[in-house]
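Two complexes, one shared chain (chain A), two partners (chain B, chain C).
And now, the complex of A and B:
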């Protein structure tokens, strides 16, 4: 929660075939979720077949961060883009479990699995 | 009576630190030198009978009451010396579940939960709506989002109050009698929720209660307040041992034991019988 509120949680984007892998790092809380959300929605506009969001560098995510991912899921479903999450730390996994959103998102263990 | 305050040696910095807290109302001392540390991620249950000072202690810990002596630190900040703006910044980092749920009756359940998000964040409406549904799902109340408080049961109001208390993803949650007035199943559900928030999300919980079943379900450590004094602070297992053991002859231990067991005879009732009933009633009659 000590990150610069102006720094983007999205560290990098790379194309793997027709998929885009988005690497996210740092805590995602009220201070950073709006920027996080916008960065994710911008990825959809680049028309990948699938978006893989790698959350391996995220130690903490509050419900505003989760809500950003829900908005991304809504947008991808409307536009026919696939969405998979990968690399959830134990704490972030717990957030998805306690809110039962682990049943809503496709969550993979590895990037290979997410891209398969 | 010997006052003891046993606490395990901890290396973590306490997230709440109460030191030598004294509160008086006129000549009555309600809190008499209370000292208490709460560590990150633990559930601390503060128990005691009616009028023991536990609600007053809770009010000091949330910064809504000023002590006569002593200090209360949250996240290292001394609440006693903070300005109102500084106090508000600290308040965003904790949530409170009030005994009644404290919902606004003119708003739907969903609007009640959205209130802190609308007041304290710049998030857009759609994001707030998603967060509200996540919180309501967490407390098993998603279907009630459009209902008015008058249309839901007491247990549902309490769960809605909890959804609002966690709206801003607080680091600390304070619970004022979370089981009061609930049926056993709803009470157990609330307890499970408290344990999930603590165990899975690392939220620190402070629970004020006199419901012993609930206290023993959720507590990591417990503190026993009596007449404004903290008699004992210890891990749950120590209190379980006192509850399940024989009377010891030690007044403090036996007083705690009577409270935990809910026995009708013991030091608490003995004390009540010795409180000058005769003098009181004669005084009412105009003196001897």
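And now, the complex of A and C:
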């Protein structure tokens, strides 16, 4: 996937009721993971009841990208914010399976399911 | 004249995360030409990416002025049967016995790279490099089932 390596992986945020849907795109590796993590933690600071992270535009993610999501999970647990992931490509899903984090995160098939 | 893949690609990579996409693209194409299916090629590429990330973070402490010597070698005659990836850094020597996967039940950020590499590759060997630094050698066989359908 073509991408500007200097742009934030977080492409957009939108409110759906009291939830925030965060759309992510591009490859997420060591080069972009710190910016990714900071963008995600900034969302928590806006006090949504739930965060839905849409990874449908992410073609590649390594363990540094996964670590950013684990950090987000830790923050949301501490602050009582719900967190769901949606739109995982097969490749990204596989990284979660290898690291067994697919059993830790709430992973949904559709945005509707994630918002329900 | 038949074109064959029987010689290694040698790259001296700056220890900057900016180059990771370049290496992923290069290895991904080599894996495709050698004959790996898409899923297995993805696992090989992820493994190299994780290894390079560890070198940048730990061997060079994030400094981008280091060098990583990379060799990507098709293995086998007359047709490639495997790909061998060698990564050599010039950072402080590390005891290979101390490079281990961590407990996955401990859910926390970081430390997953070695687990991923060992899960996806057929052979993973860390050794002190001549003249300092560490040499990591990883092999993935064309007929391997390890890590299949993962990545």
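Here is the rule we use: the second predicted complex is superposed on the first by the 111 of 116 C-alpha atoms of A that agree within 3 Å, B and C clash if a C-alpha of one lies under 4 Å from a C-alpha of the other, contacts with A are read in each partner's own complex, and residues count from 1 in each chain.
FYI, a residue touches a chain if its C-beta (ideal position, glycine included) is under 8 Å from a C-beta of that chain, and two chains touch if they have at least 3 such contacts.
Bear in mind the structure is a predicted one, so any value in this text is a computation, not a measurement.
Asks: Kindly say whether there is room for both chain B and chain C on chain A in the superposition, answering fit or clash.
Replies: clash
Asks: Taking the superposition on A as described, I'd like to know which of chain B and chain C A:39 touches: first, second, both or neither.
Replies: After superposition on chain A, A:39 lies in contact with neither partner.
Asks: With both complexes superposed on chain A, which partner does A:27 reach: first (chain B), second (chain C), both or neither?
Replies: After superposing on A, A:27 lies in contact with chain C but is clear of chain B.
Asks: Between chain B (first) and chain C (second), which, if any, makes contact with A:76: first, second, both or neither?
Replies: In the superposition, A:76 contacts neither chain B nor chain C.
Asks: Could you say whether A:104 touches chain B, chain C, both of them, or neither, answering first, second, both or neither?
Replies: In the superposed model, A:104 contacts chain C only, not chain B.
Asks: Per the contact definition in the header, classify A:91: touching chain B only (first), chain C only (second), both, or neither.
Replies: A:91: touches chain B and chain C.
Asks: Could you list which residues of chain A make contact with chain B in one structure and with chain C in the other?
Replies: 29-30, 62-64, 66-68, 70-71, 91, 94-95, 97-101
Asks: Tell me, which parts of chain B touch chain A in their complex?
Replies: Residues in contact with chain A: 121-124, 126-128, 130-131, 134-135, 137-138, 168-169, 196-197, 200-202.
Asks: Which residues of chain A touch chain C once you look at their complex with the stated criterion?
Replies: Its residues touching chain C are 5, 27, 29-31, 60, 62-64, 66-68, 70-71, 73-74, 91, 94-95, 97-101, 104.
Asks: Would you mind writing out the residues of chain A in touch with chain B in their complex?
Replies: 29-30, 33-34, 37, 62-64, 66-68, 70-71, 91, 94-95, 97-101
Asks: Considering the complex alone, what residue numbers of chain C touch chain A?
Replies: Residues 17-18, 20-21, 24, 39, 42-43, 46, 49-50, 53, 56-57, 104, 107-110, 112-113, 115-116, 119-120, 147, 149-151 of chain C touch chain A in their complex.
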